[in-house]
């Protein structure tokens, strides 16, 4: 199935639930509000998208929003598995809270935990929302947000005196 | 009276033969088997294997180095284990493993092997070889570690499946020669009527069952590395682990001696004389060489096969090896009926 | 029991007897050299793979650079080994695993740090999630490179062999009970603070 | 249409005859390699691989060519290369000591990517074709300016002889002595 055909199919199936459905360079993106993410996910699952490939988030500090993207795909229907489909939600940056999609796709559980620890997005209804890769005190600092500063060394610093 | 009894016990020849053959000989054979296993696997995989410790001996001293390292290493006793069982079971495994040697005659003369005239020697030796796996279960249970317990559980599955096959297949020669006496079975195979040739089904079943029940490589299920860390031996370190590891190889060697006697004709083409050299040393050496070849062939299989899963091994046991053993038993009865042996 | 008798074996002091036996065996009979020799040819690394250096670790034991010729056999369980190769980046969570693995191994034990990440962080020198392994466990030999080639790993094993035999590391553990040059930098509570079993 | 999962059952491959045949084949391959192993193993301390030129090994610095542009330190992705300030006395003007900057390298961090060698405008840095050198202390790995100008000692050369690996059409990788 070509991305354009998938776009038509999605527009027909989702109706007014999605805020925006776009296609760009073979990538189909469904942008929804935080309220309607669970119904849209259920609709997608009915279409045949049965698993989540990755859950990721992007920080936009100027627009003060965090966009959480679910890349969904299908094991059972080969034609649906070919184009890339992203389900995106825009959340406010100061208090990002959204419904968890673990009820719809169980495979998103670990990746939602990862988004939680790196970006601080809280997923309501997640069965076990703990930091996954980082130690707890580091996870509170939301290390992948843009305002987390990683210190760089200059080319003159860092030469210990005993080596000079 | 008491002193005489003690002296008699000390000078009792089978005791010495068990000690010398059991400890020194079996240890040597275990070392050669481990060395051959590593070296043959390396050869088949186009590697060199152990080399730098002694290039002229083909790296054999690396096995000695491993042993010395294990003996001098720290022994860790975790706080959660059952201490008495944890410390005593490896020793018990070794002792029980060597016990069957007391009932296996390597020469037909009563003078050198008092068990030679004993009826049912094959039956007793076989019964004693089935004891060590039970102690392996104790070993895992004493460690009180989940991997050890899972490993012990696998071991018990494997015992249930394969000890039956081993006993049935090794008893097939007894059925065809109408005797449980090992010396009688060997003499019946003179000169080349070996039961491995006359009854290959039972021989194959016995070989498979020995591989499986001593957890040799294609069936290394209890201590499979990638699933349960080291099986029942997970918590064992230093000399205790060396005892466990050596025990497995010695057990395989004892099974190999039994197979060499009852299937490969023992001292067969050779007719033992009466004096110590021709009556004791040469027949024993012939049997030991045959048994060593069986052990080395078992070690070679490591280089060829991958490890089977537990369900595959049990499937092979109940669907392949058990019918094979029963067929071998039936074939041996036919052999006895037709007076072929 | 008077004071002089404390040091006599025949009084029944088992600690004194053990010490005497140790001194006799390791001091006069040169058994220590044998133990050191045995340890150098029996370095079994436990497989603790933390990142991409594991590929070169695998290549070191592959047919072309067969490291089994030095007597080193990769093993899975820490209890039966005496040697650990840190294969790459050690994150904060992995540091605890590394420390636990190290403490599970019986003495005498040795550590090789492999690759730039295991020395000073390498590319991730300023990352928020990196621990220098030499803070967690005492390291014997360092291998630079990203990742180091298999020959370098073989060279590290040879270098460790020379170090063990020159400094008598294995037999000194038997005499002294603890290698005092091997005190780890960080206490275990610091490394595994976050970990609640 | 909700997605439905259907279970497929695999057929057992082959029968008893097929099993016996494949086992015998496996054993035959094992015995064949056991008799003729065709090894190409490197006996490391006795032999060492002579890499071809272009191998990115340890980096050596030529002080006379350096123009102190610091491009190597700037491009270093892991900040392994640092500039040190050195006071130099020009023989023509002995009364006017000059401050110059030269790079030093930290092998604790170096990832041997070769960016510094590539970017150097005067070719003051070059790679040696080996990397099998190990250290016993962290302090040795931070080279001083003097140590950076020398090629690091290669212990393999004193212990063994060089070999090269070539690809043979029939036997695969083979070892050839120089």
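As written, the chain order gives the labels A, B, C and D, with residue 1 at the start of each chain.
Keep this in mind: a residue touches a chain if its C-beta (ideal position, glycine included) is under 8 Å from a C-beta of that chain, and two chains touch if they have at least 3 such contacts.
This structure is a prediction, so every number in the text was calculated from the model and none was measured.
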item	value
Central chain (by mean CA position)	C
Centroid distance [mean C-alpha coordinates] between subunit C and subunit A, Å	43
Geometric centre distance via CA averages, subunit D-subunit B, whole Å	47
Inter-chain centre distance, subunit C versus subunit D - centres from mean C-alpha coordinates, in Å	25
Averaged-CA centre spacing for the pair subunit B and subunit A, given as whole angstrom	59
Sites on subunit A at which at least two other chains make contact	152-153
Shared-contact residues (touching 2 or more other chains) in subunit B	45-48, 51-52
Set of subunit D residues in contact with two or more other chains	39-41, 43, 45, 79
Full enumeration of touching chain pairs	A-C, A-D, B-C, B-D, C-D
Touching residues (chain side subunit D, partner subunit C) in the complex	39-45, 48-49, 77-79, 106-113, 131-138, 141, 155-156, 165, 173
Complex interface listing, subunit C residues touching subunit D	63-66, 69, 116, 119-123, 125-126, 134, 140-146, 148-149, 151-152, 154-156, 158-159, 163
List of subunit B residues in touch with subunit C within their complex	38, 42, 45-53, 59, 61-62, 64-69, 72-76, 225-226, 229-230, 233-238, 241
In the complex with subunit C, residue positions of subunit A that touch it	133-138, 141, 143, 148, 150-153
Residues of subunit D defined as touching subunit A within the complex	1-5, 70, 73-74, 76, 79, 81-84, 104, 139, 142, 144
